[in-house]
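Shared between the two complexes below is chain A, which pairs with chain B and chain C, respectively.
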Partner chain A sequence: MWDNFLQGILLSLRWDTFGMMGLGLMLGMFVGALPGFTTIMAMAVLLPISFFLDPMVGIPFLIGVYKGGIYGGSIPAILVSMPGTGAAVATTFDGPALTKKGQSRKAMEMALFASVSGDLSSDILTILFIGPIAILAMKIGPPELAAIILLSLIIISATTTGVFAKGLIMCFIGLFIAMIGQDPLGGMSRFTFGFFAIKSGIPLLPMLIGLFAIPEILQAVEKKVTSFVRKEFNLQTGEKLTFKEYRRCFRTILRSTAIGTALGIIPGVGQVVAAFVGYAAAKNASKHPETFGKGELEGIAGAEAANNAVNGPTLVPLLTLGIPGDKVTAILLGAFIAQGLRPGPQLFAEQGSLVFAILIAMIFANILFVVLGYLTIPLFAKVVNIRKSALLPLTAVFAFAGSYVYRSDPFDLLILVFFGIFSYAAKKLSFDVTPMVMGYILGPVLEYSFGQTVNMAQGNTLHFIFVARPVTATILAITPFVTFLLWWRATRLRRKHIEAQTTAEQPAQG
Partner chain B sequence: MTIRKISRFVMVAALLVFVGFSPALADTYPSKPITLIIPLGAGGSHDLNARVFTSVIPQYLGQAMVVKLMPGAGGQTGTSAAIKAKPDGYTLLFTHNYIDQLQPLLEKLPYDTLKDLKSVCRINYGAASVVVRTEKPWKTLDEMLAYGKQSPGKLVFTTSGNWGATMTPGARVLLKAGVQATYVPYKGGGPAMQALLAGDGDFMMSFPSQAGPLIEAGKIRALASAGDKEVFPNVPTLKSLGYETGTMDRIVMAPKGVPEDRMKILRDAFAKLNSDKTYQRLMARIGENMEYMDGPEYDKIRPMQMDEYRKLVKEISGK
Partner chain C sequence: MSNESKIAWRQRFNFNTIAAIIFIALWTVVFFIIPYQIQKPMLFMGRSLMGLKPTLFPRLATLTLIGLSIWYLIISFGINEKNGFKEVVKDGYFRIIVSLVVFTAYALLFEPLGFVASSMLVAATLSTFYGNRNILIGILISFGAPLGIYYVFTRLLKVSLPEFPFF
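Presenting the complex of A and B:
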């Protein structure tokens, strides 16, 4: 094991490995930054390049694309409130607010450092605990997944801004929207009214872009803003992130890394959920949760550290068993196989040094990532320097183009417009769209895993859960307590907030 | 003699070439890249197979082939897009038999796949094997099925999704043997295998690229395989045991109405792939066979397979 590890280090120290990894990171970052193009698409398109490269070059290249892509999605999320990938949605809560304050550079640097910190520590944890993670991943079946999703939905709903009931309503709207289309288990059409275009359901990315980017544009138009971003904060003078600020967010980064790593072990949950849960946890733990959503650096750190921390553990089932847990690892599996390497228990036993070399290359990728990311931030930040009269129409063009290229279906443009208007109206009525997005993303996973559980139980679900599935039973048992704790905290905070407001108002009245 | 002179010459030459040959270009198919729609998501076996052949086929077509992934509605989103495309030979569909011949039986679709699509060729097929964990007592398929018959509903079949590429052949075996099993669908073959290894399922159908390394590692055992030839040494084919299951045929289709001469150009290009060294090497690496079949021949099989599936769907879901 130790020999393999040392050999792995030697194997990974190659200039061409680093070169291609760097190229992969840059490509990933750019593709991730383009709305509508997902990291998965970028990897699928670039996969054939790896066929003709040495394994120690081709695979780190794809890993670079993957890591770069997840971070790249945060760039348009921060600058123009347009999530480039699903994983960047939680970054739109605080990123654009910071941009409006003229702190886009700070926000992007926070996203970069949080991403790299989360990624690096999760990679190291993965290397150290590859065995236990593999065993743990196996223990999580559909019943456990269903219980975890239920708990996540409660945590996220409880931490949204505004009235609890409104959050709940939006969550249910999200769950309903997720039901449109073919039901995930039986393939029956629901709520499609025989309309073919929505048979496959409401697509995620056009909906996200509509929900988050369109209201920003409309609001800017409404206010006739000459400067969407105040002029005095332009790129060159844009404030840099200070070490003190990073220190302040360090606890959040650690927490989100733990969350991301844990969720990465669970097959099929992924970055999107990790980012939301990381954000929610940061807000819950904060002493000043009211600053979240209004340009809080910790919010960005919480989301970005969590979504990148997923990267390490998702590779474990692939490397140890040859089983891809999600689409990204499925593409990596293709790359491995095309190299004549078959991931699985044998690969680890026979070519342990190569597996370690790839894992170590991932760590080096992070270091390279900090350098490349840091160098390119000023370039991306230039975007906000564009005159508003040009930037707003440009944002609109990207919103439409991004929604179209996702599936190349013109119908998606209608979805974009519909959700854009919906979100604008929701904003005016102070409804938060976040619980809706969560309901939409997690609903089908919950439904699917619950359906599987019922199938597995062969008719006696409760008995099955409590007798054969101790982990599920435990999670379900703690759920009411967590719910109560969150509710109690939320009401206490709101009361405090109201008290503070009334005491502030009293002198004026008296 | 200057650069300016040379560049002027090049420009004039380019102009002449452009003017002189453009009408000819319009007549020679293909004169622009061909779009290959895959109605499935990134990272699946179709994606991987397509990445291999689209990286080699430009040599024989003289044009690039661009993959366009259009997942959704179990494969019908991409299928519908291909059917609606102009039948000029610039849009093709890379699909499989369950999308083409089984899904239309489950749902009402605004088109008829058998009539609206014509086969260019079958690239190859995926032959799944019945696999169980090594801890299980069953050494042969018959032993497993006997257990299933003895205790109805106890045998758990983990599948890669309802009516997908691993459920359908498995269901045909169970139906023929008269075994009542519990079906648990997962989102793809990967999660299904993970569930099998974790002991949440008793058996599944697995493709060689997935099952191979796990069999070598002694984690699972293959009991029987689909297809005409043995996939693993000393593992009988389902056919030889009396079960007709079919395979997952990876097929390239074109919307109906593509001129015959263009169809011939496409079919010839795909046929030539099979003797290409790079193609052979890459296909062998990804563990896929090259059981190529010409389009017209495959078109004859389609309605027959559909009839088979019709019986199966009727038995299982009563539709």
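Presenting the complex of A and C:
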């Protein structure tokens, strides 16, 4: 493990890695700063670029987009109270109030430094803990893997927005889509309905771009897209953040980093939850909670450190078990697969140095991030004003080009449009596509592990699982309880939400 | 049926109920066509060469989907969610339909016209349709962007995009 780490350092010290990571950060910040454009969309659209680069360049490039995008989302959240990404919603509680006070520069610098601090600390923790977790993961056999994937899919379905049953249905739809083409055990052709174009399955990339980029374009054009924000923020001359102010928020940053790191490792939780929990924890621990929501720097530090601290740990289940916890890691998994690498215990065993190199590159990305972020604050503040009528056609052209280059098959473009329409309709009817993507990605691994388990059992599957494989038996035994708990929690949260809505509507009617 | 009970019934029988019914019908059909949609494994001395029936996993997944859809149907009467399609204004539908028509045409013309020509057409159409009236920005998006993307993919990343037509 130590050798892999040292080799990883050498592998990551490449000028092209740094160059593309810097470009990724800039593109991420650019897209994040655009209200209505998400980091996921940016990653989906830019994913094809990573395919044709060396893994040590392409994957850090996407990680740069990811990190830059999460921070970039805070820029419009602070300036115009429009979160660029979901992760920046908690930043709107205090950011706009600071802008009103003429302290937008200070707020953006706090967002940047808190983001980098949270991100850097969580990346270091990830490097420290990923080795022992990987050693444990290497001991996992097909029965355990199948049980873990099943449990992860249930957890991911439960943590998505909306009704639990809808999340599970989407997850199994993804699993079904993954079955189209050939079965992973015997290579038997299935569910092609006579279409030659889908004989080798539904391609991952056009599907991902279609699911994440096209609906955003369609949602943006629902309203007249010429409208845009035109404001001046005087960031060049604005008041800057002092070291004393940063030091005052340091405890909050540390607390939020711990929260983000812990939540990041759980599949499906993600930045949005971390930002809200980080903000709430900062407010609860504060000696002056009444200042929160009225322009409190600690509020920004709490939310931003927590949402960025998710970035590193979210890679742990992906790299050690091959299980993507959210949309971002699903896209990163797509990048790994296209590079011919399959994240999971085997990747650690065979390409341990590459895994460490990517993780170390994340630390270097943070150094680049703080420099580029600080220098470009005034530039990205202007991005808030860019017309969508100019950017949406560009996004569409890039999405189509990216989908085509994957296999040079024009049928993939129709797949892109189909999944775009599907995802748009799903959003409108409150179905989350994230579990579907997870089902699609993990479906073949689940089926393969399931098949291997049945073959290993030699006709007596139940006895094999419950007697010979105690870890599998334990995971399978706790699965119904976890499912029930998640269902109960989701129902309770939904009821609370409905009650809150009814209470809010009643005085309005009265 | 009184007006109040009609409204209550409509509220309970919502789009989720319809979606659940569609899912149950769809997955039931899929369950029954499984044997016809999965290639049969080779036989040796009358026995399958595969240890596992290729229909087993798809059947399990489809049965689970039917079960989940029934659960969804039962709970659908109590789900209080807004149908997002009802919130889209008439003009919004028009813009979405035009965008989708352009996307589909783009997909179909991508190879016959080549990347640059088809992208120029699409970028010019969409940016004008979405409200861009600035000629300079229009030219930049319609000509600069497709050429720039073509250059990045074919020259820097060394991958192929459909060439220019008539070349």
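Please note the rule applied: the second predicted complex is superposed on the first by the 275 of 510 C-alpha atoms of A that agree within 3 Å, B and C clash if a C-alpha of one lies under 4 Å from a C-alpha of the other, contacts with A are read in each partner's own complex, and residues count from 1 in each chain.
Going forward, a contact is a pair of C-beta atoms (placed from the backbone, for glycine too) under 8 Å apart; a residue touches a chain by one contact, two chains touch by 3 or more.
Here the structure is a predicted model, which is why all the values come from computation and not from measurement.
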Exercise for the section: Considering only touches as defined above, state whether A:S408 meets chain B (first), chain C (second), both or neither. Expected result: both
Handout entry: Partner chain in contact with A:G420 - chain B first, chain C second, else both or neither
Key = second
Problem - Which of chain B and chain C A:I169 touches, first, second, both or neither - result: second
Exercise for the section: Please indicate which partner A:I331 is in contact with in the superposed arrangement: first for chain B, second for chain C, both, or neither. Expected result: first
Practice task
Check whether A:G322 is in contact with chain B, with chain C, with both or with neither, and answer first, second, both or neither.
Solution key: first
Handout entry: Partner chain(s) touched by A:K139 [first = chain B, second = chain C, both, neither]
Key = first
Exercise for the section: Identify the partner contact of A:M179: answer first if only chain B is touched, second if only chain C is, both if each is, neither if none is. Expected result: second
Practice task
Based on the superposed arrangement, let me know which partner A:F450 touches: chain B (first), chain C (second), both, or neither?
Solution key: second
Practice task
Name the contact category of A:P345: first (chain B only), second (chain C only), both, or neither.
Solution key: first
Practice task
Share the list of chain A residues that count as touching for chain B in one structure and for chain C in the other.
Solution key: 185-186, 189, 408, 455
Fill in the blank from the handout: In the complex, the residues of chain A that touch chain B are 40-41, 43-45, 47-48, 51, 137-139, 141-142, 181-182, 184-187, 189, 194, 196, 199-201, 203, 267-268, 317, 321-325, 327-331, 333-334, 337-340, 342-347, 349, 407-409, 448, 452, 455-456, 458
Handout entry: List of chain B residues in touch with chain A within their complex
Key = 41-44, 47-48, 51-52, 54-55, 67-74, 76-77, 80-81, 106-110, 153-154, 156, 162-163, 182-188, 190-191, 193-195, 197-198, 200, 209-210, 212-214, 216-217, 219, 282, 285-287
Practice task
Using the touch rule from the top, collect the residues of chain A that touch chain C in their complex.
Solution key: 49, 52-53, 162-163, 165-166, 168-169, 172-173, 175-176, 179, 183, 185-186, 188-193, 214, 217-218, 221-226, 387-390, 392-394, 396-398, 400-401, 404-405, 408, 410, 413-414, 416-417, 420-421, 424, 427-430, 447, 450-451, 454-455, 498
Practice task
Under the touch definition given earlier, write down the residues of chain C that touch chain A in their complex.
Solution key: 15-16, 19, 23, 30, 37-41, 49-52, 54, 56-58, 61-62, 64-65, 68-69, 71-72, 75, 79-85, 88-89, 91-92, 95-96, 99-100, 103-104, 106-108, 110-111, 115, 119, 122-123, 126-127, 130-132, 137, 140-141, 145-146, 149, 152-153, 157-162
